[in-house]
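The same chain A turns up in both complexes below, where it pairs with chain B and then with chain C.
Moving on, here comes the complex of A and B:
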């Protein structure tokens, strides 16, 4: 059982496990040409303004993974205080709180949780966060609108 | 010369002989016959003169017999010494007895069991100094030490302290795991591991090893419950509530599995013709089948010896000696090599007045006890020995026999009966049959003990899965599991790699900077043993994978490349390693034993690093507490890069050797001339360099290497050329250009040009 093209066994194991026991509401499929690049789809969690939406993300495992965090980015536009225009995510475990004991699965679960519980106190997209704090109702409306516009029927 | 004077004289001479020999004794030499044989001879001479020797002389005589290893005869004489109406032994005399005891223990520890375990003929009851020296010197191991390799009680699945099932397992940095309460330490004093002796100091609370606790719960839930009851019993016992404690112990025994009733007493004493009554008869309640324990069915849980030992003590305290002894016997059967069990049995037997049996038990206990722990027991057992000697001593009227004439003509018919005496000196005290019988029994019990095997009392249910031993970092079965002070376990290499990036526990984020600074991590023995025994195939496979990985990570085929600077053959190159990827590279180079890597200089093109580099050999690594290191390397051969790759963050390359083209014969004279000219120029240039600069150069690069004989045949030419290139103030590209040159002449010409230029500049300044 030698590594595919020098791919660390851990990545192979994680991929196998993601395929065998997928996380509900999340799918992550490795790219045909690059086993370190994953096509991710996260369903908007129930009870959140993102409910009903299907959000595409890309996840890339850098050379030093699992010693450094995977790089994850939203491809689908999303109205969220912790996601910027380019889809970059503000999540501590993807930055200084990364630990090699975390996995692709746990990262995606954290992102799903972030959709359920936006954190406007640690914003990446300042205008969105501001509105979220000042007028949450309007912010939620916007989020639902964006979800309908960009994350549905695609 | 008066008789009294002669007697004193003998005594003094004996003392003198002993003193001289003691002084001559080399360290490590065992108590042999040095000086003791003369003492024995002198004593016998005294008797031959027809005078009664002093009591002190007889004691010393017995002591000398002890020291030469003639234990049976020593026993005879000691028994004579303590005969009725003699004075009770003084301090010196008690010391002789302690020495006898130690000699007996040493004799039993070094007993040969021979190839056939069923051979019941004892070879030689005495231990001669020759026998002792046949043991490989310096590698003498007692029964106890042999056992220590497994654990104090022969049970590898249990706590390293109590031997029982773990109760809140904690793993110390020496890799040994204990129940939390078994690590008894005082603030500031620390704790010495009972397995390896390593001293531990704890700056914070001991934390339970998560993975071990999970395994214990999964594998031995029943035993854990039984151990809990036993612990409650112990607490009650310590409060003095023996009755209640007994109740808890009973519950524990019942829970520990089927009630233990198939117990084969370890000590089976043959009826002794000399003892009156049937005190040595074997208990009829016990099964005669010695294999009963081993043939127990799989789902039956064997009992825990601890609870029997504890209950035995409780019975003892309540004065129920019969029951105390029965439980002690059970403990001995369960763990034949557990000193405490033998001690409890001895205590039980003594309470029942079975002094001789008690002595054997205590003696076996001493055989299994390590040095410092043994000393308080020795004085106690010496007392038992004294009572045994008194019990067996000849009557008050017993007299010493007189040796008659030369040794070889002997009319005493008893001589033929005792083969141990053959070749030895004549017997002055009649052989004490009862004591000799006792000693024979000690020998046979020790042999039996040596042959006995402790059966793992912690049976493992067969539902262990491979996933139970998965490292949270590599998601594979552990390889060299290391447990952190915060109780989390990782493969050694996984943990090291993680700490390269961040000195925190990958699981709980607890600080591990102190742990990292200590760098003396040891494999968690319990886990290693558990994997090895429970999943042997998987373990073997994992080991192969590890070896293969290490080979692949360091091979010449796919050489790790350190991209940093230009290094030259035979020139030293100290490196400060701080980047995580290079920490990993250095560790792999050291672990695999290759101790080398390639050094290339960075380039601004897409390739990333130069096409020619130098192999660096690691001479030494010094670590900073935070994991950075200073690596002392020296350049070896040059190589050319064929293909480039990466592994775990660092660069790799397939390479081929790169060396000078050998000079043609007709060019050789010219080349040598050129070489000498450039060397001279270089030396001149060095002389022109400011003193402080020169000192600096010597400090970093050493002095200029001398010219090698036949330097023109070397694959990299003379070393001094590289040395000069390294110290000259050249930029990276110029240095690299030198490395690329595949001919010595070209290199010399280039060097000469630069030296000329630098010389001119020096001159201008």
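Moving on, here comes the complex of A and C:
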């Protein structure tokens, strides 16, 4: 199962494919010193309050990958009911719904989808979630404001 | 795999076989693989003492047709042929001709065949766990009478699924052994990789392991391997055997196998498909001996729990106990003799259980009545006691099943790690997780 330098062939293959056929709106580049650590950039989806924003994330493939899920975290501040202050993401496939049949690619697509469709019923950031339910207009305004403040301009 | 293919397809020059008759005579014969069955009869008939025209030869559940060539049978060194004197003219409804393993290549839909044999032939491959070789081997399917266990039996129809093969008494047959009268067959497997001492132990069929003739990539490592395990889900998802082992190992380490009252302690398809539990747990023999031993221990423990039992909480004991359901006072019978309370798992006491979370844990149980302490044992067990105390300090029990649970970060929403429980609870309230918990102390 292991390729050169102890890096499993699966990770090499996934990396190659991410480079050769990137997912639209997402870039994932392995760190030059650690092939298990990826620098990820996700563009805020069109029609969402995150549109126009560029969100940085980090993704790490633990030793047990693909038997256990990648660890993913937002580095850019984001106003989202399923992302907490530390950037941790509430997404079932990163926890108990993880399966080795999933990939880095599918994880990133799911995160992109989560930006398009926030789920305030399964929140990680309670005040954000509460506002999203009580006053969606204001929540969307906040999200747009945070996007402008933290996710634009570099 | 190349080695297997070579081994299976090349018929050795001189085939040493045992010929058995229905009267108990056993003779050794060296046969030429290019002979037809008719030639074999001519060769062995004199030794049997009756004319070749009155001999019928049975192999793997079929009477072999005269014109059939030996090299086309799944015949290996030291195989057993059954020579039977014809009593009546063939009644017509009995299957003759191609021996079963060869015929099955076309009729068993879930079975695979070697892609390109040396002579371009399709030869079926079964995989078995051989307890003599202590590993997975290529296997041979064989047939015997369910009654007298002899191989001189003719099947009345071919099995057409694994169910036919694995379910006893599913297929009728006619036993040719004098005085037996058996009328149903049983299938069994032999390891094809060691020359059998006659009638060596049966090998365990691994029906989910197949040659990867369709070049399906493993769902975990994406490589196309020669051998794969096909999960029993509707999509028939595939992993290579290495990834199957890693998958099982990671689940076993987290104790995430599923206990199913019908199929036992098992795992589903890694893609979490419905109804995909591996039903034949012999497949876990593919794990290392150490992991398999752990698998067996965990499985036995889950069975005890599912049957209403419990375990002695004493360090180094852990005896499985089946106390009366209404009884709170449990004695570790046949074990260390410890007497404990079913609810709090501490030494037995009268009255309410003391809460054992966090700071209060240091209160000792020594002064409890009915708590018999063997001083020597207690002295020897201090290290374990220390670890038991740290478990008590660092963990809280799941409010439903009492599995000690450590919280190493994240929010207060806990999901019980024991798959058979899965209870959602609140670390703060030590009760069911509610929206109120979310509102007041989700992170704090």
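Assume the second predicted complex is superposed on the first by the 152 of 154 C-alpha atoms of A that agree within 3 Å, B and C clash if a C-alpha of one lies under 4 Å from a C-alpha of the other, contacts with A are read in each partner's own complex, and residues count from 1 in each chain.
Everything that follows uses one rule, which is that contacts are C-beta pairs under 8 Å (C-beta built on N, C-alpha and C of every residue); 3 or more make two chains touch, one makes a residue touch a chain.
Model, not experiment: these values are computed from the prediction.
Enquirer: Which holds for A:8: it touches chain B only (first), chain C only (second), both, or neither?
Expert: In the superposition, A:8 touches chain B and chain C alike.
Enquirer: After superposing on the shared chain, does chain C or chain B touch more chain A residues?
Expert: Partner with more touched residues of chain A: C.
Enquirer: Considering only the touch criterion stated at the top, classify A:99 as touching first (chain B), second (chain C), both, or neither.
Expert: It touches chain B and chain C both.
Enquirer: Quick one: is A:63 in contact with chain B, with chain C, with both, or with neither? Answer first, second, both or neither.
Expert: first
Enquirer: Where on chain A do the contacts from chain B and from chain C line up?
Expert: The overlap between the chain B and chain C interfaces on chain A comprises residues 8-10, 13-14, 64, 66-68, 97, 99-101.
Enquirer: With touch defined as at the start, can you tell me which chain C residues reach chain A in the complex?
Expert: 219-223, 237, 239, 242-243, 246-247, 250, 270-272, 410-411, 415, 438-439, 442-443
Enquirer: Per the contact definition, I'd like the list of chain A residues that touch chain B in the complex.
Expert: Listed in rising order, the residues of chain A that touch chain B are 6, 8-10, 13-14, 63-64, 66-68, 97, 99-101.
Enquirer: Quick check on the complex: what are the chain A residues that touch chain C?
Expert: Per the stated touch rule, the residues are 1, 8-10, 13-14, 64, 66-68, 84, 88, 96-97, 99-101, 123-124, 126, 130.
Enquirer: Touching chain A in the complex: which residues of chain B?
Expert: Contacts found on chain B: 472-476, 494, 497-498, 500-502, 504, 506-507, 509, 580-581, 645-649.
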